[in-house]
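Take a look at the structures below.
Each of the next two complexes has chain A plus one more chain, namely chain B in the first and chain C in the second.
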Partner chain A sequence: MTMGTVLALTGAALAVILAGMGSAYGVGVAGQAASGVVSEDPSKFAKVLIMQLLPGTQGIYGLLVGFIALSKIGLLSGNPAELSTQTGLMILAACLPIAIVGLVSGRHQGKTAVSAIGIIVKKPDQFGKAMLFPAMVETYAILALLVSILAVNGVPV
Partner chain B sequence: MAVLAMKKINICAMKKDRKAVLEKLQAMGAVEINTSGEEDEIFKKINTTSQRSKYEKRVQNTDAALEILQQYVPEKTSLFSALEGKKEVEEEKLQEIIASRGKYNLMVKNIQELNKEIANCKAGINKCEVAIEGLKPWLNMDIPINTTGTKNTDVIIGTMGPGLTEDIISQMVLNRQPELSGFDVTVISTDKDQTCIFVICMKQTSAKLEEALRAEGFTRISYFSKRTPEGKVEKYKKDIKEYEERIEKLKTRLSELAEDRDNIRLLSDYYRIRADKYEVLGGLLQSRSTFVITGYILQRDEEEIVNELNDEFSLMVETEDIPEDETAPVKLENPKVFASAEGVLESFGLPGRGEMDPTTPMSIFYIFLFGLMLSDAAYGLIIFLACFIILKKFPKMSDGMAKSLRLFMYCGLSTLIWGILFGGYFGDLITVVSKTFFHHEIVIKPLWFAPLDNPMKMLVFSLLFGLIHLFGGLALKGYMCIKKKDFVGLISDVVSWFMLITGLVMMLMPTELFASIAQMSFQFSPAVKTLSYVLAAGGALIIVVMSGRDKKNPALRFALGLYDIYNLTGWLSDLLSYSRLLALGLATGVIAQVVNQMGSMVGDSVFGVIVFILVFMIGHTFNLAINMLGAYVHTCRLQYVEFFGKFYEGGGIPFNPFKENTKYVDIKEEK
Partner chain C sequence: MADKYIYAVARVRALEMSLFSQTTIEQLIAAKTYKESVQFLIEHGWGDSETDHTDADAILNVETEKTWAVIEEMVEDMSVFDVILLPDLFHNLKAAIKTIVAGEVNADIFYDNVAIDGKEMLEIVKNRDFKALPSYMQACAEEAYECMTHTGDGQMCDVIIDKGTLLAILEAADDAKDELLKAYAETTVAVADIKIAVRSLKTAKSMDFMRRAMAPCKTLNIDRLAKAALSGMEDIIKYLSETEYAGGAEALANSSSAFERWCDNRIIETIRPQKYNAFTVGPLVAYILARLNEIKTVRIILSGKLNGLPEEAIRERIREMYV
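For the complex of A and B:
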């Protein structure tokens, strides 16, 4: 096991941890708002559930990058590659976009989802538009995911 | 692909016919009635609030009765009951119910009364239970609760503060009234809230004794009964039993009444229709002996409506084209395949005035992009089959639901095709299973290429699909310009952008930057290169000169034109937005691989197979659900923001004809 492997593993862990934290917060606040709605009007369950799930994707993106990084350094197949410190740092850096943007955008998407749930309560027919606002926030998580995937894939091991 | 043509209709008829005419229109369900006409000296609206609320009240009562029946005599409903749609009922049957509505009204009243009685019994049971609970501390006392004493003695029964003993109480009394004697305190029970005591004393001292006790916080027992506490509890228990028997009897009567549930439903719908009628009636302008209806109809219904009305009543009906200054309501009509995406359009907004209906091109892009984002053959097949089966099994589900399911069915098909192109079958399930359990690796080669192995190629294609989508939007804007004969707008807002963007893309393609990203290099001949410069420069020039064309001031016009060039950044960000096609496509594949890998970790054994199946079921269900949601949300976003942003505003009002709005049944017209 080299220092490089440790750094690369840290990167994979950070991607999963931070992005997961962002999603957990986002899904959490949206879930609180959704519970309030369902307690008044159970027929809106499906709609608010979709809203609650929207901020959940960051965690999945984090998992995705984490997984690609792990398989890149060979930890999954059982024979980890001997990484130089530089390579390890490169993989760590490659994981950072989705880790950090996932954390921040997950939180904000959660808050936007709470407001969107407010739209569903007052104007249930405006579901399409309500869904769009949280989806806007997600764009930046997707851009970060893209760069992370391309970077992890591109690092020569 | 069209917004159906509307016509305005004006009806003038005799006042005596007004209810019949309205009922006829309601049964036809093809006229949207305008109730916002202004009153003048001759034409007034009449107040129908009292009749309307009478019917609304009846709707409430019948609905409440149905709810009570559902509560006590629940009807078995399947998980999919929401998909079954309304029952069909013959018009004849409805008339039958209406004729004997007195009987059913009585039944509704009866049901509500029974419910009230059950509630009363339940309250009674509750009261008894509380009383039993309250008597528990007294159970050790074996004299009647209302014992007042014997010939020479008085008995005082009551409670004091918690945690007292007989000695302490006696001492308390003596502290206050030292001369008192001849009394005896018995503690019956004590708990954390109170001490229950029983005091016996001589008649002459009882007043003073009680005063002393009261000063220490004594209160007399609040039950009055000639029975002992135990006897009283027995009595309460008997009462509870009686109440319960009574409830059972009431419930049996309810279940007898529940046999007429369907008829009550029909009645409820009848009242609902009537309430609607009076609401519309209240919005109509009426003179002393005539009334006027104005509204909108579909052009294709025009002849039928006019004929039917003329046949049945003596009235005047005329139709006219929609006046310039009026916005007609919108109804869409599309071929069945494309109509499935109408729901997606509706949730953004129907076409506004003078806009085209973009459903058909949008639905094609929708199905294409959705499949690209999910891109797994097995998932696609599952979605397709599930939607197909539900659609076949519940042919009477509501229209909107059927459309969404049909859309997802096509999306499933598209996902299947993309999955085959990219080689995803539950991710890499076949490879993993063959390697783990059969020790012989089988790899199904993708028909095109695997995005995970070559993400840059996939990125370039995502952006290419995005460019096509955006150009599609721009072309539709051009189409609308042509329809409006706005050729200046066509050249300066549409053609100019086509030229600029195409020119810029062509300039970018031979560069090294592009070659390094796309891993494809293009060599253009000098003529093509010149063409690209000409296109870009020409496009930019037209935009600078023309986009501020409604401004008189040349400096301002030029400045606005330059500012419009800044919109290039908007195009860039729109285009980059399509990188989500790659990201979401990879997400599906990679999570599926994670699931497969986790499942195969236990290895090749019976236990391993069981673990694999469990992980497979849970993991892939989760992955399918979450990625379907993602594909749905992001396809919508690409349509709403990127595609519609180029040409479509929406804001139309849906056509909402006056019809029989029922909740439980569909009334079949006799022909």
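For the complex of A and C:
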């Protein structure tokens, strides 16, 4: 296995690890808020559950980019390509947008979801509007996902 | 870490839904009799199955206990609420000293929701084991005990312990990280100083007495306040008009009860922004203060009903609600 393969693998790992950490934090804090609400008002379970799930997407995006990167370097098919250091670095760089943006946006989306859960408690009929606030954060995770996918696919192997 | 209050704040948001709004308070005022008012409270879930439904005091005490019980369920370290709990703790000390010196034990006069309950406090005072108390209580407990045993002067004993309470509140506020707690402590101490000045004026107390009773705070100059109290009510109002308690000065010009109402409303105004905060201990503090304010308002209404006051007279005395 070449240094290039190691670097590419590091990129895939970072995409999964950092984006997963962002989602874990986001889903965790939103889950704490959701539990607080449900302990007093179980009828709001479905609405707060949706809020809790919103920050979970970054982890999925990281996983997707990780899969694409692993597939690109042939690790999934069992025939790993002999990558130059330069190519490996390119794949690592291509994985970074979703890795970093996934971490940061997952955390922020979690906090926004916590605040939106506060709206649902007071005004359950405003669920749609409340969901829009954390959903806005998602935009930047999607942009990073797109760039990572395009970049990983664009690296010549 | 701010994250540790996320569960508690969300739960408190749900609990806030059952706080009385101004409309609910109006409905309570509109009840024709005292009995009807108590029934209104019971229908809104006040009291519990063991409470005597004719005993309004018991119902209100159960509500206070419920408030602290739910907070204790959610928060591991209750010391963050010291600024609010200290007056109850010092009350236990005051009650224990007077009980021991008088030689009569009455368990009903103590608060149980504090670090040292009545039974433990009685033991400490009985054995004069003041070192068992928190450091901020030791000196004032010893001084108050000596004063009570040697002079039997209950009023001076109260003054010593009340000042100890105010100083402990300020100390707790210095340690508190939350800005709301700091603001609440400052307002509590300043308002207590103003009340001391007014009371001293009415009972013709000396400058020395006021200096002994008042606690220095950032928003008031207690020397100027005490001097104003020696001159008359107009001078107190004039001095307060120059401070951030100018609104209180106007209320004080009307009556003491109007001033008390202004103080409580000011606290509600201070805590109102916590309705939009999701991450700190602030909303929990706000909920506790809102609940205590609600219970106080209900007590005022029930007392008005019991004494046959007209609705308008009761309405003048009620506090603003948090929700």
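The criterion applied here is as follows: the second predicted complex is superposed on the first by the 157 of 157 C-alpha atoms of A that agree within 3 Å, B and C clash if a C-alpha of one lies under 4 Å from a C-alpha of the other, contacts with A are read in each partner's own complex, and residues count from 1 in each chain.
Rule of thumb we're sticking to: contacts are C-beta pairs under 8 Å (C-beta built on N, C-alpha and C of every residue); 3 or more make two chains touch, one makes a residue touch a chain.
Everything quoted here is computed from the prediction, not taken from an experiment.
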Would you mind checking whether chain B and chain C clash or fit side by side on chain A after the superposition?
-> fit
Expressed to the nearest 10°, the angle that the Cα centres of chain B and chain C make at the Cα centre of chain A is 50
Does the superposition put A:Asp41 against chain B (first), chain C (second), both, or neither?
-> second
So, does A:Lys129 touch the first partner chain B, the second partner chain C, both, or neither?
-> first
Partner chain(s) touched by A:Leu53 [first = chain B, second = chain C, both, neither] | first
Touching partner for A:Val157 - first (chain B), second (chain C), both, neither | neither
Who wins on chain A residues touched, chain B or chain C?
-> B
Counting only touches as set out at the top, which of chain B and chain C does A:Ser115 meet: first, second, both, neither?
-> second
Look at A:Ile142 in the shared chain and tell me whether it touches chain B only, chain C only, both, or neither; answer first, second, both or neither.
-> first
Identify the partner contact of A:Ile100: answer first if only chain B is touched, second if only chain C is, both if each is, neither if none is.
-> neither
After the two structures are laid over each other on chain A, how near do the C-alpha atoms of chain B and chain C get, in Å?
-> 7
Chain A partner, complex, touching residues on chain C are 3, 6-17, 74, 278-279
Parts of chain A lying in touch with chain C, wherever the complex brings them together | 29, 32-37, 39-41, 44, 111, 114-115, 117-118, 121-122
What residues on chain B touch chain A, complex-wise?
-> 344, 346-348, 455-456, 459, 576-577, 579-580, 582-584, 586-587, 590-591, 593-594, 597, 626, 629-630, 633-634, 636-637, 640-641
Contact residues on chain A for chain B in the complex?
-> 50, 53-54, 56-57, 60-61, 63-64, 67-68, 76, 125-129, 131-132, 135-136, 138-139, 142-143, 145-146, 149-150, 153
